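I've put the structures underneath this note.
The two complexes that follow have subunit A in common; it is paired with subunit B in the first and with subunit C in the second.
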Partner chain A sequence: MNILVCIKQVPDDSVEVSMGKDGKPEIDGITPVVNAFDTYALEMATRLKESLNDGSEITALCVGPESAKNSLKNCLAVGADHAYLVNDESIDDIDSIGIAEVLKNAVEKLAEEKGKFDLIFTGKEATDAALGQTGIYLAAKLGTAVITNIIDVKVEDGSIEAKHETEEGYRVIEAAMPAVLTVTKPEYDPRYPTIKNKMAARRKQIDEMNISELSALDEITAKIKKAAEYEPPKRSAGIKIKEESDEESALKAIQMMVEAKVL
Partner chain B sequence: MERISYNKVTNDIVELLKKACNGHVLTGDQINDDFCHDEMKIYGTAMPDVVVEAETTEEVSAVMKICNENKIPVTPSGARTDLAGGPVAKYGGVILSTIKMNKILSYDVDNLVVTIQPGVLLNDLAQDALSKGLMYPPDPGEKFATVGGNVSTNAGGMRAVKYGTTRDYVRAMTVVLPTGEVVHEGATVSKCSSGYGIKDIMIGSEGTLGIITELTLKLIVAPKATMSMIVPFPTLEEAISSVPKLFAAHLNPQALEFMEKDVVIDTEKLLGKEVYPKELDGVDINAYVLVTFDGNDQDELMDTIEAASEVVLEAGAVDVLVADTPQQLRDAWAIRSSLLESIEGNTKLLDECDVVVPITKIPEFLTYAKSLQEGHSYTIKDFGHAGDGNLHIYLCSNDDDKEAFMKESDDFMKKVYIKAVELGGLISGEHGIGSGKMDYLKDFVGPVNMRLMRGIKKVFDPNMILNPGKVCFDPEESYAD
Partner chain C sequence: MAYIISDEAQDLLNDLKKFCDQEVVEQAKEFDKSGEFPKEIYDKAIEQGYTTLEVPEEYGGPGLSRVDVAALIEQMAWADAGFATTISASGLGTKPVLIAGNDDQKKHVCDLLLGGGFGAFALTEPGAGSDPGSGTTTAVKDGDSYVLNGRKCFITNGGVASFYCVTALTDKEAGAKGMSIFLVDRDTPGLSVGHEEDKMGIRLSNTTDVVLEDVRVPAENLLGKEGEGFKIAMKTLDQARAWMGVVSTGLAQRAMDEAIAYTKERKQFGKPVLKFQAMQFKIADMAIKIEASRQMNAYALNLMDMGKPHSREAAIAKCFASDAAMWCTTEAVQMFGGYGYSREYPVEKLMRDAKIFQIFEGTNEVQRIVTANNTIGRF
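== the complex of A and B ==
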């Protein structure tokens, strides 16, 4: 099976971001990493590849800056067999629909040499700008099925069965291939690379595709304009309740909520 | 030295203390249960008569003068994360808390030092320094201890293998003596050949000689990158055997820890994360070494990790897993940092020791310690700093009979301390003596050393009021000296 995993490089999301004087988030000093949901997508794809054990291959694809080659090498160390970067440093302003357009064109170009992709995995959203649009736009542009927020996937008789997470649990959804799957946090974490895979990935080349050859500039320039970005308001400190016993603490909490007319 | 008795805290003394401390004095019901114990309740709990929350050196000095004149015992207290009973007011009196003295006062970036008050939490100092591109290297597991407390126990931690312990980072300090006199020790310099090293006697004295009210600490420029490797081994012996080989290969890890499978499994359950492999290529994994290197960039570190991998694979490692993304580093180290929490969560009665032995003797020591659990109601759990031989061994029981447990524990501790010393080690690497380990210290260092320590205490504390019942002096005992 031919599997594609689309990744985005984002600033490490555990670091608290503050706003710079120019009104933009200060992210220059923050370590760039693969978007967490994309790492789940790659792990899910790798587990699928291993379970199929039929010579299936995974290609990782990223639209991003030159430095994203390091993120792609990390993908090569944990399951991806090939990796491609579409360098977007020449484009100032691109939004989800523009990225999806570039990805669609890259998918079609890669299909010429690698054959069509049966499954395209990506994270349900990015942790830097959590819009959750790219995967869905990509499916629309490719004219394929899309199953969002999945936590597990199986392939049987040429079709897929995925668990789509809901607030109460999950729904099982079947679709024909090719399909786009957007992945949320499954029950497991992404694997650590072994030294052997890490060294092999370090030596591998990351192939580049030229963004201007893939898409015309006016097709991918952002349609959405960011008016301004704001820091979230600081949350005030909570109230600590520590009565003699747990029961008394619970009663006190209820009493306070009643007084505050929350209950 | 005769047995010593102290005076009670009267209402008049409380009023004097209030005057001295801007009213920051707690009595009776205002004293929270947290002031009665540290993290090892098993060494005893005690209620102080008064808690004073001082905010300045002058206030600490005034409190000490009042207590010294009235022969009231005073127990210094930070975040109360001690593991040996140190901040428990065994003989009542005053707890002098420095928790409100929590300001980072100034940085001297050119001389790589920071001046702080003693109640600054380790975590806050580490984060603040890092935001300036600097690192405070001592890294004990408990990040919410105060730095003053760390200095008082000469805390070590994970990075001691490369950077040393807290002692190596204290440049200068302001100390209030038990008499109320204020002295300054050390300076913002790296060398000292200027008389007796009183600063160094203060470090590790567990609040028995004076109260530290200001600290000037050495910092280093923070390494630009770190990378860890998780190394699974079939046996603990093989895991430990890799450690001297890493040093011999001129590899200089920032941290080098060992863990065993059972504790790792419990901790992974607690954190809801599975990081460490339990089986690889059909081989059962029973022990892990977790190694961190720091350096200038990822490429340089990858070369180091590659070289280190050759060494550990040669020593019997089944594979090497690399953690080089922030998330992977956090997860791998979160397990290590939560081992004690997980042991505590699964145990009703707990005692511990933190012996330090030569690295090559770790397996022999642990085999011996584990052999003692046979026929007893307790089980032994352990982990530790493979890079410096400092072991954390926990005696765990889920029985309810505390008295029987303490008896078994005493017997165990005596045996393992004898073994540690026989192997060329010491009875505590970083947790200190407090009240919990006093008897063992006596056996270990002998009467002459105990006399010397008491003599030093007497010079600092003529009325023996500061933290009585800890380290080398108990007021209920009479001494020949």
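== the complex of A and C ==
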């Protein structure tokens, strides 16, 4: 099986971001990492590859700056067999639909070389902008099925069965391949790269594709303009209730809500 | 002023930090209470390859410089000094083989490490601590074998090692010059694990007696030649000491980081206590000691990489860094005030962990003797 995993490099989301004087988030000093949801996508793809054990291969693809090569090397250390970067440093502003256009063209170009992809995995959203659109746009542009927010996938008789997470639980959805899958947090964590795999990955080549050869620049330049960015309001610490017993804590909570005229 | 390391090591350090944050830091608290050996943490570390950092490249190791490895060990020590001690003591147990062993012996121990095993160095005996030459464990040649008898104590990794480098007298009359070192596999009949120490600190590491009762090892398990044991043991300690400096530095860094974080939040007299110069000066003194320790460690390790003499520098680094760790952890407790003395806060553990670094792998009194001898020379 031929699997593609699309990844985005984002500022480490475990670091608290503050707003700069220019009204933009200060992210320059923050270590770039692979978007967490994309790491789940790669882990799910890798587990699928390992369970199939039929010579399936995973290609990681990223549209991003030169420094994203490091993120792609991290992908090579935890399951990806090949990695490609589409360098987007020549473009000032690109939005989700533009990224999806570049990805579609890159997917078609890679297919000429590697054969068609059966499955395309990506995170349900990126932890920086949290728009959650790229995977869906990509499927629309490729004309394939898309299953969003999946937590598990199985391949049977040439079709797939995925668990799509909902607020209440999950739905099992079947689709024909090729398909795009957007992945949310599964029950497991992504594996850590072993020293051996990491050092082998560092020696591997990251192939580059030229963005201007893939897409006309005016077509992919952002159509949406950001008017302003705001810091979310700080949440207050809340009230902790810790009485002797659980029953007393519950009674205290009810009493406080009555006093506050919530009940 | 962190260690100046390769891009490769920096990349590994980022991964290790994430691993330690998720798999060691929080988990260590419970194991510190129970004193149980956290096999599940070590199994994960083994899977990542973190227990094989010192395996030479030609035997399947990562081929990093010693300063690169130091940055990684320091990060482990930051997470938990016992965790770093287990891994570093495995390196200690391997050093006699790497210093004096032949190719087969080196391959044997490196394969054991790569397979997930630990090493242990069995030198100390109940009556032979700072004076290792006074040990009474014996090795008697019998045909193509040696038969070892004796009791070793305070052996780090004693209960969990796959192999031991054991010192024993092959010539009882010759004292230290009659000492030899043998490579002994864990499953050798007659070798058993004795009393396990219930330690004050570094409780994620395992420390036990190792008992040798008619332990028969093939003659080819002798490292180097008969009578070279004391020399090999001293060379081993010369190298290992700098690593204890590295672990001490990680511990001191953790104490400083915890102290800064706490005193930024803790308010008295209407402002964070870190706004007071009394607190700031403590942090400055911690930073000075930590940075000095790190540079001393790096210098000793660089000398080792270059194959140059390093006894004095390693002794200085170990002594200074462990004294610094004791000082920084004690001051961190002070900066936390009453909360520092409580087990609900992280710094009392750091203080308990720090003490042993002034004692093991040569007490700091011994380090001062080594430093003085190597500074003054014969007169």
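In the analysis below, the second predicted complex is superposed on the first by the 255 of 263 C-alpha atoms of A that agree within 3 Å, B and C clash if a C-alpha of one lies under 4 Å from a C-alpha of the other, contacts with A are read in each partner's own complex, and residues count from 1 in each chain.
Here, a residue touches a chain if its C-beta (ideal position, glycine included) is under 8 Å from a C-beta of that chain, and two chains touch if they have at least 3 such contacts.
Quick caveat: nothing in here was measured; it's all calculated off a predicted structure.
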Clash or fit (per the criteria above) of subunit B with subunit C on subunit A: clash
Contacts of A:P178 with subunit B and subunit C, given as first, second, both or neither: neither
First, second, both or neither for A:K198, with subunit B first and subunit C second: both
Partner chain in contact with A:G123 - subunit B first, subunit C second, else both or neither: neither
Touching partner for A:P186 - first (subunit B), second (subunit C), both, neither: neither
Which superposed partner A:G64 touches (first subunit B, second subunit C, both, neither): neither
Partner chain(s) touched by A:G79 [first = subunit B, second = subunit C, both, neither]: neither
Contacts of A:G98 with subunit B and subunit C, given as first, second, both or neither: neither
First, second, both or neither for A:A36, with subunit B first and subunit C second: first
Greater subunit A contact set [subunit C / subunit B]: B
Shared subunit A contacts, counted only where both subunit B and subunit C touch the same residue: 31, 70, 189, 192-196, 198-199, 202
Residues on subunit B engaged by subunit A in the complex (per definition of touch): 229-230, 273-275, 298, 302, 305-306, 309, 319-328, 330-332
Subunit C-touching residues of subunit A, taken from the complex the two chains share: 31, 70, 73, 189, 192-196, 198-199, 202
Contacting residues of subunit C [partner subunit A, same complex]: 8, 11-12, 14-15, 18-19, 22, 44, 47-50, 52-53, 62
Residues on subunit A engaged by subunit B in the complex (per definition of touch): 12, 14-15, 31, 33-34, 36, 39, 70, 74, 77, 188-189, 192-196, 198-199, 202
